[in-house]
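Right, I'll just put the structure down here and ask away after.
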Amino acid sequence: MKNLFGLLLSLVLGAFIILALNNTAAFPAFGEVDLADRVSEQYFTDGNVAEVGSANIVTAIVVGYRGFDTLGEVTVLFISALGVAIIFGEKKQERLDLKFKPNFMLRVGSRVLFGMILITSIYIIFHGHLTPGGGFPGGAIIASAVLLLYLTDDRFRSNVKGFKILEGIAGSLFVVIGLLGLVLVTSFLQNFLPAGTVGDLLSAGIIPIIYVLIGLKVGSEISGIVDNFLTEEESA
Amino acid sequence: MIQYAAIILFVFGLYGLFTNRNVIKMIVSLNVMEVGLNIFIISIGFTYDGIAPILSSTTANGLLYVDPLPQALVLTAIVIGVGTTALGLAIAKSIHKTYNTFDLDEMGDKE
Amino acid sequence: MIINVLVGIGIAFFAFVLQTSVAGLNRKIVGRLQKRIGPRWYQEFIDIFKLLSKRSVSHGWIFDFGVIMALGGIIGTAMFMPITSNIVAFQDYDNFFIFVYLLAVGMLGMAMSASGSGNPWASIGVMRALTTMLAYEVPFLIVVLTIINLSGTSSMTGIQIFQQTAGNNWFILALPLGGIVGFIALMGMLGKKPFETYIAPAEIASGPMVEYGGKQLGMLFILHEISVWIEVTLFVHLFLGGATNIFEFLIKYFAVYTLANLISNVNGRFKIDQVVTFFYKWPLLMAVTQAVIAIYFGWVI
Amino acid sequence: MSAILLVAIPLLVAFLSILVKKYAPYLLIIVGLFNLVMLFLLQDGGVIIGGFDQPLGINLLLNLYSRIALILINALIVVIACLNIKDYGKYGSILLLAMAGLNGLVLTVDLFNFFVFLEISGIAAYLITSSNKKPTNTFHYLALGAVGSSLFLFGVIILYAMYGTLNYGAMIEAIAANNNYAEVVLPFTLMFIGLGVEAKLLPFNSWVKGALGHSNTMSGPMIASVYAAALSFVLGRMIDNLFLFQGTLLTIVTVLLTVGILLGDFMAFSSTKTREILLFSSVAQASIVALLFVNGVVAWAVWLIIANALSKTVMFLVINKATKEVGCDETKSLQGLFTKNILVGLAFTLATLSVMGLPLLVGFMIKLNFLTALAGAGQIWLIVAILIASLVEGIYFVRLLVKLWYKGENEISVKYNLSFKVVFVVIALALLAFGSYTAPMNQIDNSVDAVTEVVNNG
Amino acid sequence: MASIEYLILILVGASFLAYLFTKLNTYLGSVFTILATMFVFASLAGYGFGMGLDTTVNYLPWFTFNQTYLGFYFVIIIAFVYLMVSFFHPYYLGQYKYKDSYNMLFLLSLAGIIGAFYTDNFLQLFFFFELIIWTTMFLIPQGKSREAAVSYFGFSVAGSVAMLIGIFLIFSSTGQLDITSGLAAISGTNAIIVFILFLIAGFAKLGAFPLHIWLPIAHGNAPHPFSPVLSGALVKLGAFIGILALVRIVPTANLLVDSINLPLGQWLVAILGSISIVFGTLMAIKEDDAKKLLAYSSMSHGGYILVAFSLMNSVAFAGGFYHILAHAIASAAAFMAIAAVARATGTTKMKELGGMIHKMPITYLAYLVAIISMAGIPPMGGFISKWLIFMAVINKGMIFVAIAIFFGSVGSFLYVFRPLAALFLGQEFREYKHVKEAPIMMLIPTFILMGLNVYTGVFPSFILNFINNILGELGYAALNVTSSSIINVFDGQGILNPALISLVFAVGVFIAFIIFILLKKSRSVSLMDTYTAANFVHDEHLLHYSVDFYAPLERLYEKHTNWMTKFYESLAKKVKEIGNLGKYLFMSKNIGTTMLWIITIIILLLWGVAL
C-alpha cells in the first residue's frame, strides 16, 4: 500500500516538474536550444579556440576554461578513495576468498588482455584534447583493467602502496601546474605553454599534461577502491 | 521527449529511495536518480541538427554545434556520482560487518 | 490633647460600668425567664473584683505581656468610640476601621498570651476564635461598606449624623437585609450562643481562658466587657442611627444587648466549620444582595 | 598572492598528506594558520581562474562577508584540530579537504563550482561523521546529502537552461532583467531544499539526530559549528541575493522556518540526552538565521552565526569529552559534571547563556538587535514565535545547567586537559567582552553580502 | 557627586572583588559585600532623594539614564532590603557549595536593579530586567531544591518575553523606544494588546494568581538569606511593570458598568488581584513550611498591590505605593526572623519547631512586629496602606473586590499568627535547649526593620509626601497629608491620625499595666505545669499544638488546592508531547519520511506554477 502511494506521489511530482518546465517560456523546449543567448556561444569564436588550442571544445571547457571544477572533481574522487580506506580501517588486508577458483587459462589470458586495455586507455588519455574522452574515461579504463586482474586471479593483490603514492603525486602535480600558472602568468590554472595549432597532438598547452595526470590519478584511485572492496582484515 | 523521460527517471530514483529499506537498493536508486539527472543535463544542451563540439580541420566553420558546457558539467556530475556511490557501498559493507544485514529495519533495534 | 485623653479614659470607664451592669441585669432577666430570680444586678462587678484580688499563676513574661497588651488595645479602642453624636473623645478621628483593627490588637494580645501559656487547649481555643472571626468579619464589613458608601463618610459620628438627618431613616430600616446580617455578625462578635464554640465553658475547658486565673482572668473579663460594649455600640451607631442624647443611647444599648442575650439563650452551638460555612452561605449572600441593591440600583428605603 | 591559495594550498597539502600519514594533523594546523595569515593580508575583490574572465571561466569573490566567514571557518578548524590531534589524528587529511571544500564554497561565485565544493565538503562531512562509529547514521546522512546536492544541481541546470550563464552576478542580472517570478519558483525551490538539507533546516534534517547524537569531540564541533556556520553564510548569501522570495514561495518558506524554530526548541525540551538537546537547539538557531536572511536582516544574522558557532563549539566539546569518559550522555548520568571542574563549568554556562540570549553576553545584544530590526520590518508574528521558542529554550537550558552544576547520586570525575581549558576560556571571554563592548558589531550593514562585479586579476 | 553609571560600575567591580575575597575567606567576602551594599545604599539615599544623581554617561556609551521619583522609590526600597539581608551573609554562606559566586551574583543583581529603575529606554529596562533574572536564578539552587530555579526562571522569562513582545509592538506601531512617550503614544487595539502583555510580565514577576506556581517553590526552597530578597525586593519588579501598564497606558477599553466607572482592563486586573489575595490566603492557612507560608503571603500582598493600582485614583495609588514599602519591610523582617530560627534549628517546618521565644526572644519580637504590619494592625505600616486601599475600594463601591480584600485582611491575621503560635510560642522542645539567640550582627538589621515598621506606622507623613511627588509625576492629584494625619480626599470626613492611634493605644496599655502592677504578684510556673484535666503528660511534644493548625478550615477546601499546579504540569507535558511528535515526524531513523517531506514540499511550492 505504502509503495503504491509513494509511486503515485512521485508520478505527481514528475508531472508537476514537467508542467512547470513547460509553462516557463525562458526554459527552451527540448532541441530548440539557441546557442546565441548562452555563454557557450563564445567558446566557438576563433579567438578563444586559438587561445586554448584544443580541438575538442568540451575538453577545452573541462580543463581550460573551467579547470577549477575538474580540480574539485578530482578532489571528490580523492576523498572518496581516502574515505573508503579509512572506513575499512588501517589494519593489514588480505584477499577476500570468493570460493571461486579460476583455472590456469583464465589467469594467463587475462594478463594479455590487461596489456591491450592499458594501451587503449593510454590512447584515450593522450588524445583527450582531440577526440572525445580524456583523463576520466582513460583512468576508468585503467581501473577496469586492474579489476579484470582481480576477478580472474583470486590471489592477485595490486601494489596498493604504489597506487597511493602515484595518486598523491599526480594530484599535487595538478595543483603545482595550477600554481605555476598563477606564478608565471596571471591566474591559477592559466595556460602558460604555447597553444600550438588546433588539431595536432602537441597542442592546447597544459591541457594534455593535466589530462594525463588526471588519468593516472583516477586510475590509481579507482583501483585502490577496488582493492579495498575485494579484501578484508588480516584474520591472523 | 528524452527530457521528460529523464525527469521521470529522476523521480523514480526519488521513489526508490523513498520506499526501500535495503541499503544496497537505496544506493542503486540513488544512482538511478543521478543517471536521470545526468541525462537531463545533457538534454539541456541538445539541438536537433547540432553536431558534437569537436573542431576538426575538415569541417568548415558556420556549422551548428551542440552546447558543449552541459557536457562538461555532466562529466563532473558523473564522477561525483561515482564518488558518492563508492563511499555509500563502503559504508554498506561496514554496516553489513556490524549488523550482518542490509535491511535498515532489522538493524534498527541494535542501537 | 490631655483633655481628650481624659475624656477617652472616662468613656472607657463608663463603657466598663455600663456593660457590667447591663450584663448583670440580663442575668436577672434570663433568670426570670427560667422561673428563678437570678443573681443581684451587680453580681458581675463582684465576680471581677473577686478575681482581681486573688493571687494566680503566670507562665512566663509573654503570658502576662499578652494580657496587658490585649486590655490596653481594647481600652484604646473604647477611648475612640463616640457615645452620642456629640460626646466623642477625639473629634473627627473616630474612623470605622480603627475599631475593626484595634479589636484585632486585643484579639492578638489574648491569642499570644494564650498560646504562650503552653496549654494545647488554649491554642486550639485561639484557633477557633480566629476562625470564627474570619467567618463573621467579611459579611459584616460588606454591609459596613454599603453604609459608608451611602453615607459618604467613614467616621462614626458622620454616619450617626447621616441617619439622624431628616431625609433618611435608620440603616436598619433603610437596609433591612444589611440590618439582619449586622445583627447575626454581632452575635458572632459577642460570642453569643450559636457561635460560642471558642469561649464556651463546656467546650475544651473554655478555650483560650483555660490557663488564666486571678488577676489575669479578671483583666480578661474587663477586656470581654469593654469589647462587648464596643461591638454593641458599633451596632447601635451603624444601624440604629446612634443617639442625640445619653438616655436614647442607653435605651437602644440595653434593647440590643438584651435581644442578643435572649436569642443566645434559646440556641444550641455550632461546630467550628459549621460556623464558617453558615456565615459564608446566607449572611454573605444577603450582604452582597443588599450591597448590590443599595449601591448599583440605589434602592434605599 | 590571491584568494585562490586559500583553496589550492589545502588541496595540495591534502594530496601530499596521504603520503606522510603521521604528520597530517600538524600539516592541517600549519595550513590553517597559513590561511588565517593570508586572510588578513589579502585585499578584497574578485579572482579569475584559468585566465578567462567572468562569463567563460570561474572566478572567486573575496569581500568582507566571505572574509568574516573564512576567518571563522579556518580559525575553528585549527582549534578543533589542535584539540583532537591525539585521538583523531588519522582524520587530518579529511579535515584538510573539508577546509578546502568550505573555503571554496564560501569564495566561489560560480553556481556549478558551488555545487562541486558543496559535494566536496559534503563527502568530507560524511567521513567526519563516520568517526562516530555508527554506520547507519552516516549512511542516512550520505543518502540525504546526495539527494540534497542532486536537487541543487537540478536547480542550477534549470537556471542555466533559462538564463544561459552559470556566473552568480550575471545570473542575478538576468533574473532581474527577466523579472518573471513564476518561472523562477522551481529552480529556487530545488536549490533551497538542496541547501536546506546541508544547513539543517527542519523538514530536511533527520540526519542531524544520528550524526550529532552520537558525535565525538572532533565530529561534534565540526558538524555543529564549522559546517553549520559555513552553510548558513552561504545559504544566507543565496537567499539575500539570488532567491526571489515572493508570494506563495515566501509564505511557505517562512512557515517552514518558523515551524523549524518552534519545533526545534520543543524537541530539545522533550529530550533527556544532553547531545540531543544541543543538536535540536542548533537546528532551531539555524532556522532563526535562515529566517533573518529571508527578512533581509543580514548584518545581525552574520553576528548570530558567529556567536552560535563559538558557543556550540564550547558546548559540544565539553559534553562530548564528558560523554566519552562517562560513557552515556543522559543528563542524569552527567549530573554534577562541573562540581569538580569549575572553570570548564563557567565557560559552558557563559556559552549557554549567550545562546539563550541573556544580558552581559553577546547573544543578548544580537537577539535584541535582530528582533528590533524585525520589529522595524513589522514582523510581529515572527517575533512572537522566536520569543516563545527562546522561552522554551531558556527553560530546558536552565534545567540542564542546574543538573550539571549540582551533584547527583553517583560521583563522576571528568578531566579536561589544559588545551581544552584554554580554548573554552578564550571563547567564553570573547562572548562576555563583546556582550558589553558592541561598537565593532555596528560596522557592517545589510548590504554586506552583495555580490559585486569588481574583478581584479591574479 | 555620585552618578548612576559609577554606581553600576562600582557594583560590577565589587561583585568580581567579592568573588575573589570569598574565595579567600567566606567571612571577609561577606563583610565586603555588606560594605559594598552599604556604600551603594548610602550614596543612593544621600543623593537620590533630591533627584541629585547625575545621569551623564561616559563609560557605557549606549546606556541612557534618567531619574524619576517612581524609579527612585523602588530602588531605595530594594537597595534597603539588599543591605539588610547582606548582614546575614557571614553566618549563612558557610554551608553553601558555591559561596563565592553567591556574593558575586548578589551584587550583580543589585547593579541590575539600579539600572532597571533609572532608565527611560525600553530595551535598557529589558537588558537589566533579564540580567536580574539570570543572576538571581543561579542563586536559588544553592538552597534546598534544584527544580525551584527552573520554575522561577521559566515564569520570570515568560514574563519578560511577554514584555519584550509588548515593547516591539510599541516600537513597530509608534517607532518609539522610550517608556514615557512610547506608552503614551500607542492607542486602539495595540494599546490593549500591550496592556495585556505588560500585565503578564507584571503578574509573572509578582507571582499573582494565574502565574503564581513558582512563588512558594522558589521562596520556600531558596537559600535562607536569599528568600527575604526574593519576596521583599524582586517581587516589586513585577509591581513596577504592572504600574507601567495600569497607570501609564491610557485606557481605551470601554467602561464596564457606569456605576463602577472603571475601564474593563483595570476591572479585570482588580478581579485577578482579588483572586490571588483569596487564593494566597487560603493556601497560606494550609501551609506547614513557614517560608512557603510567607511566600503565599507575598502572593496575596501582591494581589493587594494589583488591586490598588487598578482603581485609577490617587488614594488607591498612594495606598499601593505605601503597601509596596510596608510589605517589603514586613516580609523581609519576617523571612529574616524565620531564617534566624532556621539557622539555629536547621528546619523551617512548623511540625518540628516550638517554643523558640524562650531562647530567641528578640527574633520573636522582630517576627511579631513584622506580622502586625503584614496583618495590617494599627501601630504598624501595613495598617495605613490597607486603610487607604479600603477607602478607595469602598468609595468605588466594588463589592466583589471588597469581599476579597476583607477576606484577605482577616485571613492574613490567621496565617501570620500560625508561625507565631506554632514556631515561637507553645511548649519548649528538649532538643532545642542548646539554641542561642542570633548573633549581634544579625540582630542589627532586625532592630532597624522593627524601628522602620513602627516608624512607617506612626509617622507616615514623610513617606506620603514623597509618594505625592510620584503621584504628581504620574499626573494624578496629590493626597493632602498634614504633618500628623491623612485627610481623606473623598469626603473630608475619613481622617486618619496614626500618631494619635498609637498614643491612645499606649495610654490603654499603660492603664492595663498599672492595673497589673497594683494587684498581687502571681507565682511563676513552668510551661509543663498546665491544667490537663488530671491525665499526666511528661513529653512536651504532646502538649504542643502546631500540626494542621487550622484543621476545621482546611477540611473545607482541602481537596481542590493544586488544580493550578496540575494545569501547568499538563502544559509542560503538552510541550513534551509536541516535541516527541516532532521527533517522530521529522527525525525518524528511516530516510523515507524526510524524502516524503521533500517531495510534498516541492509539490506544494509548484502548485501555483505548474497548474
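Note that the chains are named A, B, C, D and E in the order they appear, and that numbering of residues resets to 1 at the start of each chain.
Criterion: a contact is a pair of C-beta atoms (placed from the backbone, for glycine too) under 8 Å apart; a residue touches a chain by one contact, two chains touch by 3 or more.
What you see is a predicted model, and the numbers here were worked out from it, not measured in a lab.
Listed here as common contacts of chain B and chain D: A, E. Each step here moves to a touching chain, and the least such steps from chain A to chain B number 1.
Remark: among chain pairs A-E and C-E, C-E carries the greater number of C-beta contacts. With every chain reduced to the mean of its CA atoms, the largest distance from chain C is reached by A. Relative to the C-alpha centre of chain E, the farthest chain centre belongs to A. The distance from the centre of chain C to the centre of chain D, each centre being the mean of the chain's C-alpha atoms, comes to 78 Å.
One inter-chain figure worth recording: chain C and chain E are separated by 35 Å, centre to centre, where each centre is the mean of the chain's CA atoms. As a whole-number value, the distance joining the C-alpha centres of chain D and chain E reads 44 Å.
As a whole-number value, the distance joining the C-alpha centres of chain A and chain D reads 31 Å.
Shared interface positions of chain A, defined as residues touching 2 or more other chains, are 6, 9-10, 13, 17, 20-21, 23-24, 33, 38-40, 43, 66, 69, 72-73, 76, 79-80, 83, 87. Across the assembly, chain C contributes no residue in contact with two or more other chains. Shared interface positions of chain D, defined as residues touching 2 or more other chains, are 112, 116, 119, 123, 126-127, 130, 136, 143, 147, 161, 166, 182-183, 185-186. Inter-chain contacts, as defined above, occur between A-B, A-D, A-E, B-D, B-E, C-E, D-E.
Here chain E touches chain A in the complex through residues 592, 596, 599-600, 602-603, 606-607, 609-611, going by the rule given at the top.
If you check the complex, the residues on chain E that touch chain C are 257, 259, 355, 357-358, 368, 372, 375-379, 383, 387, 390-391, 393-395, 397, 399, 402-403, 406-407, 410-411, 413-414, 417, 420-421, 425-427, 485, 488, 490-491, 493-497, 500-501, 503-513, 515-516, 519-533, 543-546, 549-550, 552-553, 555-556. Residue ranges of chain D in contact with chain A, taken from their complex: 2, 4, 8, 11-12, 14-16, 18-19, 47-52, 55-58, 90-91, 93-94, 97, 100-101, 104, 112-113, 116-117, 119-120, 123-124, 126-127, 130, 158, 161-167, 170, 178, 180, 182-183, 185-186, 457-458.
Across the complex, chain B meets chain D through its residues 10, 14, 17, 23, 26, 30, 33-34, 37, 40-41, 44, 69-70, 73, 76-77, 80, 83-84, 87-88, 91-92, 94-95, 98-99, 104, 107. Residues 6, 9-10, 12-13, 15-17, 19-20, 23-24 of chain A touch chain E in their complex.
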